[in-house]
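Pasting the structures in now, so scroll down.
You will see two complexes here that share chain A, one where it goes with chain B and one where it goes with chain C.
The block that comes next holds the complex of A and B.
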């Protein structure tokens, strides 16, 4: 295996393709965690978004324009599930971990159900229309870089800058300061007159929607089919990436790039080293994630009120 | 002095659990009704009569001797898995790696089973099971040590090990222990001499007996022995427990490794009792269901027995619906999630209502 197998423009372009959903999902979880909400249903939300987007696209006719409705429907399901989770954990003060796990199990079954209700039973997995490749005129012709960065699709061109803006808002704006403060010291935030419950509601809805949108990418861009297993795997990896990123934007993006690269490399390696079972390559990201947890957990400083319900009346 | 505090705290904790939980009973019944209602809507949307679908579930899970045998076979992993999760929860640890530990147990059991040809029957039956127990424990040892030494949250490590275990099983099934005559995706069958004894001709194996005995033993151990006392003390009042000389190692060893041993046992019993071959999907989300079962059973290993049986009925019954109305296999997860969320919400609403709060016990 030579240089181009590891750093050729096609491998790196595939890495970008695989990294985009991780970026969207992980930023969603980051937004929730910064406000003090650990949403363990993340993988299930990805699954539900993926199924909804694909099913709606297919049911409406599976043409180019239906992709838009598919993506919008994943926003809707993300908002609905986000509000439900926020109601249960913020308003009703159910323990986030318990509620998150119940929600995860609910949503990991919901995906297949939506698919079955919308599409029905087919002998083979149906193929959804995927977003067309959109080469940016001029920029796409730059050798090497052009193929890696500027030969993707509309989703990527909108999502990546949007995530950049969201990260900037989270860490550099007044709104983001309030949100992060709600995850550090909600009592102090409440004391200066900011509604902690509202801040947490908003962050949970944004985060759940992003997770669901990331799922839409999986079925409408990456594979063109719905696979609950891979949606759930992506969700868990994204959850670990937030720890890997130590709740900071730059390390998070580095982690996303690393795991996107690994995912892009896997099919190549499976082909080249055909004597090694593909199952071992599929295991690779999780072994790496374990190593990453061990290496970064100590240094990572989580938001101080992460996974703690905010209760106004409690004395301490 | 500290010992007196600990005795008081643990006594209070158990006293709180003993009060008659009116609101909980109402929430449980209400949660089940809501879930069944949503289930009925789903069945109707799939074009089936809801009553007929529930009839199918009941008929196929407890309607005949062979149905009950199948349900009890599925109860075994759910019961042991939920007891494993409940053990961790009592110590404030969340073990959602039961799936991974089941895979680890099954892998070890299979490995040992292939090397035992010619040994006496009693050895052939018990040794793979013991190996499975060890395998599950080993799989939980890594998260336990990481938690104890480096304070890495056991939650994330156990989830990652689920996937590692699953793909390890896939690798072994498709590569090392594969027999092309049996199929590409599954391993060879374990030698039939290691199969668990059955109690009837319908395939009901004695795994369920082992599981019930183990679970009662766990409950006894946690509530009546020194280790169990230390473990409970650590979860109700960690500071006082540390002062009294309880080692935090006890907590991770009982809560995670102990749970891993129990989950590994589930993997072994599953392999030699009812599955006989290894494949990706060997553990049908038993781990996630176990977490729900442990929450429903309120971290009490003995309460896990009826809860696990109920979930097994749903699992077996809904797999019959896969054939008749083509219900997706994972739809049962959706229904279970609805049950648990509805119950959590019911308890939370009751606690927030001043009138109902008088009937609520404190712990969930």
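The block that comes next holds the complex of A and C.
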């Protein structure tokens, strides 16, 4: 295998394709975790968003314009599920792990239920309309780089800078400082007059919406179909990536890039090293996830109040 | 009096006057319960991450007086327009044909098959169908433990040693049909290779891959071949990335043995901007991409179910049924009349036995 097998423009373009949903979903989870909320329902949220976006697009006519409604519907389901999760964990103060697992089970089934109610079992194979490739004039023709970075779709061109802005806000703005402080020492934040509950509500809604939007990418960009397996897999990998990134933006982005690259490289390895069982290569992303967890978890310093419910009245 | 203590994960519980911990736990319990109900109702729309069943109490042709109650354990979702969908149609046919009550549990993980089948038996189902060779051990176990019911297992073989007297085997070899698909793919390939993309490396599927390559060679001696597996019949994301890479490696036509993952392949073909024909199985999937779909085949599940269930009704509770040469071609698309005729001719020869397709190459893929 040569350089182009590992770093050819096709492989790297595929890496971008695979990394975008991970970036969106992982940033959603990061936003929640920084405020002190561990959302184990992440994979389910991705699943619900994927099903909703695809189903709404299809039901409305499956034309180009319907993609917009599909993506908006994934925002709506993300907001609704985010508010529900926030209400349960922030207002009712149900333990986050318990609530997260319950919400995961719920959203795992909810996605499929939405698909079945909207589309059902049909004799005609169903494929959702997908966002077309949008080559950016001029830039897409740059040798090597053009194919990797400027031959994608509108979702990618909007999502990547938007996530960059969100990460900047999280780490460089007063709003981000309050949010992160709520995840470190909510009592102190409360003491200076910041409404911790409000901060956590907002972070959960933003995070859930991003997870749901990541799901929309799977159905309306990557595959044109709804697959709970793909959606849930992406959600769990994104959860691992937050730990990989040690709750910091640049390591998170590097982790996303690495996983996207492995996803893209796996088919190449499968084809070129045909004497090795393809099953071995299919395990690669998961083996990497496990290795990453082992390697980074001990060094990682999570927000001090992560997964802890905040109760204003409790005395220590 | 207020008493505080640490519980799981270090949170604080307040059990004093006006405490809310009990309410919270009740909410959590209710949440989990609701979640499980929704999960069960939702089942699996696209593929099999979760599973669901038609409610046992309402399944089948309501109001039937027949004692024949057929329950099926399915490996994937019935909405896959493929293996499970096709068999769900055949199952439904049993309602009108034999006045049977039917139900199914879809997207069943192999590890849960025995338990789910036992649940069907407990609910009065007296014929249990396992629709994939992956369930074979569960089928055998169920047959041995419940002599009063009859089990039908889709199997990799037509006979087994000490076959229970209440076990039917249905064998569906892919090789003959895949040979025809490979032949057709080679005629219309838009590149130097005919490529086979399967879900999981199972013996029957490996034999199908080998037959595909040999069918392609029969049509075009200079054509190359390539075989790959996504590791999952229902994961379109993996299929999409793998297909893109295969197209870059010269695949000019695809023969697929995938279910929901087929959509990922189609997406990759569309994204490539090339007119790369593809062939599938179990249903006419031309609606996914009319411009590139070449055709496909299906086994005659209706006939298989009708025959085997008919014999069970007649008191013959054990035997075998071979679907392999009973496959049917769907209409062939995007090819000339001459190409279409040549494919039909090869199809007839395979069915008649004039062309012998090797179904025994089950160990590994050998590129001819």
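One rule holds in what follows: the second predicted complex is superposed on the first by the 306 of 316 C-alpha atoms of A that agree within 3 Å, B and C clash if a C-alpha of one lies under 4 Å from a C-alpha of the other, contacts with A are read in each partner's own complex, and residues count from 1 in each chain.
Keep this in mind: a contact is a pair of C-beta atoms (placed from the backbone, for glycine too) under 8 Å apart; a residue touches a chain by one contact, two chains touch by 3 or more.
Since the model is a prediction, treat every value here as computed from it, not as a measurement.
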{"item": "Room on chain A for both chain B and chain C (clash or fit)", "value": "clash"}
{"item": "Contacts of A:121 with chain B and chain C, given as first, second, both or neither", "value": "both"}
{"item": "Partner chain in contact with A:10 - chain B first, chain C second, else both or neither", "value": "second"}
{"item": "Which superposed partner A:93 touches (first chain B, second chain C, both, neither)", "value": "both"}
{"item": "Which superposed partner A:130 touches (first chain B, second chain C, both, neither)", "value": "second"}
{"item": "Partner chain(s) touched by A:293 [first = chain B, second = chain C, both, neither]", "value": "first"}
{"item": "Touching partner for A:109 - first (chain B), second (chain C), both, neither", "value": "both"}
{"item": "Touching partner for A:312 - first (chain B), second (chain C), both, neither", "value": "neither"}
{"item": "Most chain A residues touched (candidates chain B, chain C)", "value": "C"}
{"item": "Which of chain B and chain C A:243 touches, first, second, both or neither", "value": "first"}
{"item": "First (chain B), second (chain C), both or neither touched by A:279", "value": "both"}
{"item": "Region of chain B that runs into chain C when the structures are aligned on their shared chain, from 61-69, 97-105 or 241-249", "value": "61-69"}
{"item": "Those residues of chain A which chain B touches in one complex and chain C touches in the other", "value": "88, 92-95, 97-99, 101-106, 108-113, 115-116, 121, 228, 233, 277, 279, 282"}
{"item": "Contacting residues of chain A [partner chain C, same complex]", "value": "10-11, 14, 17-18, 47, 51, 88, 92-95, 97-99, 101-106, 108-116, 119-127, 130, 133, 218, 222-230, 232-234, 263-264, 266-268, 270-271, 277-279, 282, 307-309, 311, 314"}
{"item": "Residues of chain A touching chain B in the complex", "value": "40, 88, 92-95, 97-99, 101-113, 115-117, 121, 228, 233, 236, 239-240, 243, 277, 279-280, 282-283, 286-287, 289-290, 293-294, 297-298"}
{"item": "Chain A partner contacts - residues on chain B that touch it in the complex", "value": "42, 45-46, 94, 96, 146, 150-153, 155-157, 159-161, 163-164, 167-168, 170-171, 174-175, 280, 288-289, 291-292, 295, 326-338, 340-341, 344-345, 348-349, 352, 364"}
{"item": "For the chain C and chain A complex, residues of the former touching the latter", "value": "4, 8-12, 14, 20, 23-24, 27-28, 31-32, 34-36, 38-50, 52, 77-79, 81, 85, 88, 201, 226, 228-232, 234-242, 244-246, 248-249, 260-264, 266-267, 270-271, 283, 285, 287-289"}
